[in-house]
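Shown next, in structure tokens, is the structure this report addresses.
Labels for the chains are A, B and C, by order of writing; each one numbers its residues from 1.
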């Protein structure tokens, strides 16, 4: 197809999408240019068209329009170009891994490598190291755990030397533990091999953790697109997901780990947060935390000791109310980062809250686990 | 005195038929498993017809079809100088029709169980259609193929009604084992009939045992 | 009014009795007939029922060999009309029949039918691609055909396919559908146009194709069976049988 196959040399990685597809319940209508590199999150409710969109890009789903990565034209209906899936240098990671049961782990990886374009810039050794699967090589695929299977699937996809990675809810079928284990691997491979990726999920925490750029999809149409932090705070998200998923993204740096209580100590815009975690963390590691507004309470004075350990001080920057709802959405500035809290309008009145007030935000979440909430 | 020529002829017939149907049946089964539409039901029904038609009915219509007065029979006569009726080729043709569903249906089932999932995975890894067929479909449908081949072979071995109509009972050409057994029974030659029938029964039993014992292991699951 | 009521009551009681109670003054019989004679037997039954409606006769037809096997295994036949002499003979030898009941009821006629009109010398003058006959091991017509070929000293080409059919009816199907070039068929199978084109094989070329019947032991006192047997000897019956293409030798 193209001379330069090494995705690490790719510059720009602009993915142009103009798609019209008709699926069972709705029509997919997309027109967007997604910037690379890095991970672009595709978020939306079940049935919003996320997987369909991914499948259109991969070539599994019939659609009309354009799919162009930089200068590679994969689909252009106007010009009659429609590359079949096996000719598109797209790596697809499925929700159910889809490893070949008649081959061992090694066999699955070899299957991919054998069909990859030469020269193979992503090597076998690199992949098994990055994904820590060298111990699994001779194993039969059938008895692997969910997390192991997905790691092998990731490896298999990488060995096909893709120019674009499409991850279709790779964590959805896993239990919480496996999810937490796998998430950093996804981060790792995108960093190490510098392949742009589209990550589909219906779990906001996953998108929050992994994606720099996020696209919000609903009913086959893009509702919002932009930097993840902005999209997550946008009103469209609240409308879309209802009250449960609205929140804010906080970025913190790990400064310590309390092994007795299994707490990670984070420095977040100068303030400290104690985050319970079951998976180990490394010092100086950056973690993104998605904190739902419903999990944040506010106080006007420093609260008495309670089970809530995380209290952040900040300034109330906005109070959002509507007459139709008993709730108010508060926006709090924590040293440059923003937190949102949902309280009742009655509480706002009782506490006599005004913007520019100094406010204490009490964050209650049982476990963060690298941003993946239970 | 065992009629070895009848046995050998029968094995040849079953072998040739199975080979031909392996190609024909795989293609047909693949089409049926992967395509939908108005034609689908018709083709599926036609493929299943030999299952429900009495063999003598099938044989009768083949008799008409093979006749030198009919287009097919005429063409064959012109091409080869021999009639389709009363010939080994005619038996092969008839057996292919008679045993078609036994090849197609297990394969179709295997292909449907396989589904699109592994094929999409293979395509995403750069495998083209032929590559996917030989390296993903075939290995994952092994059991289906085994069943189809074994059933087709065994079914053809036991073929009687159709052969009776279009065969002509010519030794070393169309006198197959089932015809020989029948004749022995009709002429009260029970000893002979016993020998041949016992051979046939044992063979069929062994074949079926292979199929069922082989299928006991849990099927491979994808993912 | 009351009289009408009485009369209809009596009539319905009589009818009810007739339906429910087994009648002693007429009988039932089950007749097994070889397939090739089935049509004739049906006609004869029809004629018989017109004359003697009180008896109830039913027909079962299959190949002679099958019927024979069934009888050996206890099939409840009262009369057995075979297509050969061998099976009735065997039954008699095994003591399953009423003594002296075995006799020839019809003589089969062999004919040679082809795609083109057939004459006495056709077997010698044409290149024969395929010649069909009933299996001599299974059917007396086939044996007769074989004997005819021997009698005429026909030398067949190696390229000629000698096709053996399961029964005489099948031979006809093979010729009629154009698959067999020539075939030895039963005259009884031929339609009028067929008869014009076929060659009737002289009966002296082969052993008589004697179709014999036996009265089974169980029917020794069966008035229906006995009545039908008697009916078979009448001249109307003989004429009917002949009209279907069989010979009847009244002296047999």
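By our rule, a contact is a pair of C-beta atoms (placed from the backbone, for glycine too) under 8 Å apart; a residue touches a chain by one contact, two chains touch by 3 or more.
Keep in mind that what you see is a predicted model, and the values were worked out from it rather than measured.
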| item | value |
| --- | --- |
| Pairwise touch network: line, ring, star, complete, or other | line |
| Most centrally placed chain - per-chain CA mean versus overall CA mean | B |
| Remotest chain, chain A as reference, centres from CA atoms | C |
| Centre-to-centre distance between chain C and chain A (centres being mean Cα positions), rounded to whole Å | 88 |
| Rounded Å distance between chain B and chain C, as computed from the means of their C-alpha atoms | 38 |
| Distance from the mean Cα position of chain B to that of chain A, given in whole angstrom | 53 |
| Shared interface positions of chain A, touching two or more other chains | none |
| Residues of chain C touching at least two other chains | none |
| Complex contact set, residues of chain C against chain B | 63, 65, 129-130, 132, 135, 137-138, 161-166, 170, 173-174, 177-180 |
| Complex contact set, residues of chain B against chain A | 117-118, 120-129, 131-132, 135-136, 139-140, 220-223 |
| Chain B residues within the chain C interface of the complex | 60, 63-64, 66-70, 73, 83, 85-86, 164-166, 168-170, 173, 182-183, 185-188 |
| In the complex, chain A residues that touch chain B | 58-60, 84-87, 90-92, 94, 96-102, 111-112, 115-117, 142, 149, 156-157, 160 |
